[in-house]
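Each of the next two complexes has chain A plus one more chain, namely chain B in the first and chain C in the second.
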Partner chain A sequence: MKTPRQRRETTTAYLFMLPGLLFFTIFMIYPLLKALQMSLYQWSIMPGRPSQFVGLSNYAQAFEDPVFWIALRNTVLYTLVTVPGQMILAMLVALLLNYIRSGRVLFRTIYYLPVITSWVIVSILFKYLFQSPGGLINYLLTDVLHLIAAPIAWLRNPTTAMVPIMSLGIWKGIGWSMVIFLAALQTIPGELYEAAAIDGASRWQRFWHLTLPLVRPTVVFVLVMLVIGGFNVFISVYLITAGGPMKQTEVILSYMYHQAFDFLEFGYGAALSYMLAAIILVLSFLQIRFLRRPVELY
Partner chain B sequence: MRYEGNPFEKWLVYLLLVLGGVIMLFPFLWMVSTALKGHIYVIETPPSLLPKEPTLANFVEAWTSNRFQLYFSNSLVVAISTTVLSVLCSAMLAYAFARFVFPGKEVLFYALLFTMMIPGLVLIIPQFFLAKTLGLRNSLWGLVFVYVAITTPLNTFLLRGFFEQLPRELEEAVLIDGGGHFTIFFRIVVPLSTPALATVAIFTFLASWDEFVWALTAIDEMSKRTLPVAIAVFQGAHATEWGLVFAASLIAAIPVITVFVSLQRYFMGGLTSGAFKG
Partner chain C sequence: MNGKRLISLVCIGLLIAVLITACGPAASPTPVTKIETKVVEKVVTATPPPKGPVTITFWHAYNPLETETLDTKVIPAFEKAYPDIKVEAQPVPYDEFHRKLLTAMAGGTAPDLIRSDIIWVPEFAELGALVALDELMPDFNTFKGKVFPGPLSTNFWKDHYYGLPLDTNCRVLLWNKAVFEAAGISGPPKTFDEFLVACEKIKALGKDKYGFADGGTYAWAVNPWIWSNGGDVTDPQISKATGYLNGPATVAAYEFLLNLVKKEYIHPGILGGGVDTWGGFAKGEIAMVLEGPWFPPLFDQQFPDVKYGFALMPAGPGGAVSVVGGEDIVMFQQSKNKEAAAEFIRFMLTPETQLTMAEAGQMPVLSELLATDYMQKHPFYGVFLEQLKTAKARTPHPAWPKMEDILTQAGQAILRGEKSPQAALDEAAVKIDPLLASK
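Moving on, here comes the complex of A and B:
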């Protein structure tokens, strides 16, 4: 039995939650369920022509759609390149920043600047840098470094068009992982290193056997977040190549967006986005399940 | 990897950091340089970082033309409204999670956590139709409501953690004196939580200031555009006017950089508490 006081408390709790839950339910939970429903329909936007229930055939359509496989391949490739790229460079910078005594805030600010700049601005910026023939990257590669003889048409060639998108992903993301890694490194007591040094551990051994195990939960957290971010890549692709040339640089979300808002294939678009959500959930679960282990200091 | 007093090593570390810093900054410097160049110098061979005849003409043109000031104020209205609403809603939600026991608490909390892992774009097709039904297409409120919904789960998560650590003696005193939970919330919890609320407010402001995809989808009317959409559309339509595009981009980035540099303490604190992804 509930006492009147408990009941009053429950009412108060719901009153506190009301405004937030209203927004959350209407604009998050409802669309989440609605997308699932739409993915099962041949969704019609014509008035008077009802949408048709088609079961899982939108999902089946994806498996037979060659562009879906290209988009999936590009998304996976983007994640495989940018996640380790960001993590290794971010860890390196974090170790260097943890080593120095003055100037840490200044360097941290500089490395963090790309993170806070909007995706729109940096995407346009990288499009400009990778222009052909007059872009800065081509100029550096041909006339300054003499690595290539003629400018590369980065954005017009399917094999090179992912280069600006991936380098943007790494460049923009380093700062975020670096800040998280640095905070974790700063919690490690210095005496541990002194003890390891006295025992004759080399720098690499200290990093591999001492630092890394101690910051392991942080590394796993960053990995999970970056993989989610990698599979979510959209704005850079949409603005730099728009999935072109010939749909060769589509990623899942850009393909979904084009299907929905250019070709009005809303049911198929919803199915594509649900497949992406499923992939992300499964990957996140697997990473947490298999990589997170309790760390013991003693 | 502590500082071990070897001067050569110290200089090597600084050298590497400076080198990396140059790579991080160079694209920005190039953007500033391009914005400062007159039209004829934008595509020049060889390209030069220092403009031959630096001019603010692009900034003046960007600011005064193409309804730029309207877009700027649209962005400002949306970002401020979102921040106020989202911080208020998520603080109240977080208070309920931190202080009350009620039926459905676990389920609700996991629902919040779960939506944090769902890609935002999964929702965009139904959100588009929902906005149409509710008359929120081509309305700045349509942007605000969706941004509040998107930012609430993360903000709630962070604030709940903070509220749980607040001492409860003061609150119990208020209850004994006959005050209610709303008194406690607004008179005690909110004032004591200024740093956490500031962190959450900064993240929310920046996220809604920069948001692109929903604004692109929900708004067709030119006069309702926000800055990110206006800049992207302008670049698409005038592919060669880089100086102008970058001048506009730099003006759009000013609030972000100001907020970030001046409130960095709150910003980094929130980040390392591990709940936010930039």
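Moving on, here comes the complex of A and C:
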């Protein structure tokens, strides 16, 4: 049983939470449910115009849509390349920063800079870097480094068009993971390393058997967050290739955007975004379920 | 608070949200929504004339030079003549315009007026977003009689005129004089064959010299070649694409372009990735481009030393046929100041305003201006007017964005050599036919 005083405190707590809850309901829950409703309709965007209920046919349409499968494949591919890319490089940078004595703040800031740059600006920048003929990357590869004979048509070729998009994703993401890894590394007590060194563990063994298990929860957290981020890739694709050439670089969000805002297929667009949400939900659940274990010391 | 409480709280929240959604604007066809539509229609005819100061919003995609003319000359003149009406003009980048409008319409915050690409009018009219100007403006027929019939027709959809033309244009061939001289070509190509010969001579100047460039395989770029070759996208009644888009003349037009791509006479940017045609044209890397009347004022500002000439689209078996562009001024149903907005439309169509905008590269649409000294002695409007005589419009149809996407993808498949022109166009025609039949 609660005393009146406790009850009063609970009421006060709810009152304090009310603005946040309202905000969350209006700007998160309501649009979410509205989109769910849209995904079941042949949605008409004009207020006051009737929309037609079509059940699950928007979802069924996706399974028969070849571009949806291309978009899904590209989204998965992007995640498979950029998530490990970001994590490995970020861990490397974090280890180095943890190791050096002076200038740590300076380098941490430098590596974090890409994170705070605008997606729009760096996407356009990367698009220009990868122009052909005449882009800076092609110039470096042909005239400076002499690695290739003729310029590569990066953005005109479906296979190479993902290169600028993925390298942008990795470059821009390293800083974020690095900061989190660095924070985790700094919590590891130095005595453990001393003990390991006395036991004769090599530097690699110390990393593999000591550092990595100790920062495991952090690694799992970063992994889950980056996978969510990877599946949500949009701005870079939209601005660098716009899904082209021939829709070969569409990802789910860019395809959804084109369907909704170019062709007025808001119902289909909403269905696509719900399918993406379902995929992310399942993946995140699986990752947390199978990867998160308590830290073991051995 | 324990976990269960949190869950139940979230559930309650969700339930409330569901109820809100259910009570909101209904999505299913209920009698309520029908009544709403009727109310909107009534508002159109019965807006009282503006009393006191009102503000109207006008969205446009004028280029920087045209925007400057609008903001510093046209709007101040209007506000002086109509002190009770303030005009808030907002420039929107062309590529974002269509999407931004849809968002605004869905949210009920559409502007009063826009300068709309002629190709969007049927789509917005079909959505029920536009005011039929022939119903709203008692003097509509006066304007109807004053403007060129071609641009006027782009405002017509299902028995009504939803706008008035604001400016017109088409693409003509611009040729870089220095490059032509270096390649030993005497003048601009008049036919497809001469075009090919010119390209060959320009390629001989160097591997990085291109005879021609365009930004992609969308209709604005490829249709002049299709039409000049005697082909078309649909039948004249716009009822089917089969037999036209995949007809022999259209197929041959794509084969012509494919040949240009294979021989690298066209800059590879047509296959995607973007190409800076203006910069390339200025540097002499690109010898010929198809451009509209907005090009000279803006280009000359950036590259005052480049000498270039104007010519008609090279003629094929179907003649020298270019693509008509231009913009219409249309009014949205959501406008709360329809009478004031109509005044601005009238003002935009006065000879004075039309001539002011003409200075910035906006070709006038008033027939009476054709005989004026200004138009007669103009350095380049003459060639555009000549080209306009045969120029054609892209398919006026609400499903145009989807059609154009199909056309663009087919063009890409062809020019990349992934499909034969016949096969790709057969497929495209099959996809476009049902779009034309559905509405």
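Here, the second predicted complex is superposed on the first by the 272 of 298 C-alpha atoms of A that agree within 3 Å, B and C clash if a C-alpha of one lies under 4 Å from a C-alpha of the other, contacts with A are read in each partner's own complex, and residues count from 1 in each chain.
Definition applied: a contact is a pair of C-beta atoms (placed from the backbone, for glycine too) under 8 Å apart; a residue touches a chain by one contact, two chains touch by 3 or more.
Please read all numbers here as calculations on a predicted model, not as lab measurements.
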item: First, second, both or neither for A:I29, with chain B first and chain C second; value: both
item: Chain B versus chain C as contact partner of A:M46, first or second or both or neither; value: second
item: First (chain B), second (chain C), both or neither touched by A:L21; value: both
item: A:A270 touches, of chain B and chain C: first, second, both or neither?; value: first
item: Touching partner for A:F261 - first (chain B), second (chain C), both, neither; value: both
item: Which superposed partner A:K247 touches (first chain B, second chain C, both, neither); value: second
item: Which of chain B and chain C A:V115 touches, first, second, both or neither; value: first
item: Of chain B and chain C, the chain that contacts the larger number of chain A residues; value: B
item: Partner chain in contact with A:Y59 - chain B first, chain C second, else both or neither; value: neither
item: Chain B and chain C footprints on chain A, overlapping residues; value: 10, 13, 21, 24, 29-30, 34, 38, 261
item: Chain B-touching residues of chain A, taken from the complex the two chains share; value: 9-10, 12-14, 16-17, 19-21, 23-24, 26-32, 34-35, 38, 89, 93, 95-101, 103, 105, 107-122, 124-126, 128-129, 134, 136, 139, 143, 171, 174-176, 179-180, 183, 185, 190, 193, 203, 206-207, 211, 221, 225, 228-229, 231-232, 234-235, 239, 253, 256-257, 260-261, 266, 269-270, 273-274, 276-277, 280-281, 284
item: Partner chain A, residues of chain C touching it in the complex; value: 1, 13-14, 16-18, 20-21, 24-25, 27-30, 33-34, 36-37, 40, 98-99, 102-103, 105-106, 108, 127-129, 208, 268-269, 271-274, 401-402, 405, 409, 412-413, 416, 418
item: Touching residues on chain B, where the partner in the complex is chain A; value: 1-3, 10, 13-14, 16-17, 20-21, 23-25, 27-28, 30-31, 34, 43, 45-47, 85, 88-90, 92-93, 95-96, 99-103, 108, 111-112, 115, 117-130, 145-146, 148-150, 152-153, 156, 180-181, 185, 206, 209-210, 212-213, 217, 228, 231-232, 235, 242, 245-246, 249, 252-253, 256-257, 260-261, 264, 268, 271-272, 274, 277-278
item: Residue numbers on chain A that touch chain C, as the complex places them; value: 10, 13, 21, 24-25, 29-30, 33-34, 37-38, 41, 43, 45-53, 127, 131-133, 153-156, 161, 241, 244-247, 261-264
